[in-house]
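In what follows, chain A forms one complex with chain B and a second complex with chain C.
Entry: the complex of A and B
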């Protein structure tokens, strides 16, 4: 806790991703769950079949939005799972491995989401 | 309802005991008694060697914090009637070294408090003749909640991160730093930044939120820490985007 000279720290970046991911997940995922999971099966909305839903992907802004929606919550989950494993299971000595797996998984998921959204025709 | 209630109290004497053990006491059950009343009854009538801290018995001195059935509580505000007829287990606060019976050592806590520079820092003090530093009700509201802390240490006993990492600055100390950072009369936020923006301070917190849940004064230490994380993260963004900016 003693004041040390400021070095390049990754914690603020990880926390920003965590926090942004939590915000995105909390605000937007319920909307998608409602539209696709409740409203569409009950016939409350029009045009939610596969063809019309994917037609939205013609808009670059939609692709970007979906990319953010996939990526940020992955970093949120990675951060939370990392600390749950680290503190919950008391496996401090595996910290580097856990961090690499969690954030690595989030990076991998982000790359896959980006690739799929980019290459979707 | 029974006219007595059983208390199982953690006893520890460093001269004779290798580890704390429980001792049972039967005390009269009275609806208007709190756990502290029962402890005082035991000390007066049954065992004068029982050791614990207390002072005001009205939830303002912050001395009588203990674990009641495993939960950090101010014993002066915890009624026997809420637990009766079951017995009540009283232990010293978790995560601290035990001095004797229910008394814990608070040296670490006090040291962490001092590190936060919990006083008004001014670049230049104005002379007394110019009067006091004025503050609007809105400026008071910005930090008032965090100033309600009574240093009872319940949040430290509740915090699993402090339990795992004794170097962690802990909830109350960070909330106190934020209490001064948010005070319109204070100009010391930059002095506190290097202490707060550390792995052992705000970044150590994993936002379990137990500190806020157990706080008897409804301070929100978890909120203070998250607030400061945002401040520090934005400062970090600024230092990445504008490395020449300086502080």
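Entry: the complex of A and C
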């Protein structure tokens, strides 16, 4: 293996985002996914209705929370997917393309989430 | 006189290293390897949750009809099954993440390293409290 998988200078920043996103994902995602994706559709708990959803989103702090909940875990996932493809499947000749797609996807998701939450009426 | 640092006494050329080609399926050979790869794959499901959340926010912003459509989408058996699988993966991520925090943080008190469970323990406790708090906020009448 070559000594350096990449020459990106922003590697420390990417690692920081990975680490922060991993923490956010670990603490917050399981309960959200359980209620949203399993309990509510099965009728085990009440689903958040439209009125309460809009009431929640009216709070700036909720919108900020959702922005962090979307953005940081995306960078975490981008970092992990990138290195899983690198080490796991040993796709090394496409290193730059994979990195661009992974982090680009995270940036895109962040921009979309930011736009939706910022422009929410 | 020139600095000797610029001219190292050894040759810069070295013979090609002998590296055995690692199989693409190396991660299937041992449970530890597979567990590592499953942990890494959990990030795909983390990303799926984010996509779901963004779509939900979009649906709310589009109005009651779009939101009702989104809730029907969640009741689709395939989506439900995917979410159940995703849930197991994100829980796996949480558990491995908190266990990892104990390895990553080497805290020493009085010259002795604090045992791992004293670092991961509070993380698990915080996870429980945060989850209960979010559930209460979302489900209270």
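Throughout what follows, the second predicted complex is superposed on the first by the 99 of 121 C-alpha atoms of A that agree within 3 Å, B and C clash if a C-alpha of one lies under 4 Å from a C-alpha of the other, contacts with A are read in each partner's own complex, and residues count from 1 in each chain.
Here, a contact is a pair of C-beta atoms (placed from the backbone, for glycine too) under 8 Å apart; a residue touches a chain by one contact, two chains touch by 3 or more.
All figures in this text were calculated on a predicted structure; none of them were measured in a lab.
Residue contacts after overlaying the shared chain place A:83 against chain B and chain C alike. When the two structures are aligned on the shared chain, A:59 is found in touch with neither chain B nor chain C. Using the contact criterion defined above for the overlaid structures, shared-chain residue A:34 touches chain C, although it does not reach chain B. In the superposition on chain A, contact is made by A:13 with chain B only, not with chain C. Of the two partners chain B and chain C, more residues of chain A are touched by C. In the superposition on the C-alpha atoms of chain A, the part of chain A touched by chain B in one complex and by chain C in the other spans residues 1, 83, 90. The touching residues of chain B, when paired with chain A in their complex, are 112, 115, 160-161, 164, 167-169, 194-195, 197-201, 203, 206, 229-230, 232-233, 235-237.
Considering their complex, residues 1-4, 6, 9, 11-13, 15-16, 19, 83, 87, 90 of chain A touch chain B. Residue ranges on chain C touching chain A, taken from their complex, read 19, 22, 24, 27, 37, 40-44, 46-47, 49-54, 56-58, 60-61, 64, 67-68, 71, 74-75, 79-80, 83-84, 86-87, 90-91, 93-94, 97-98, 126-127, 130-131, 134-135, 138-139. Those residues of chain A lying in contact with chain C across their complex are 1, 22-23, 25-38, 40-42, 45-48, 50, 53-54, 57, 66, 69-70, 73-74, 76-81, 83-84, 88-90, 105, 109, 112-113, 116-117, 119-121.
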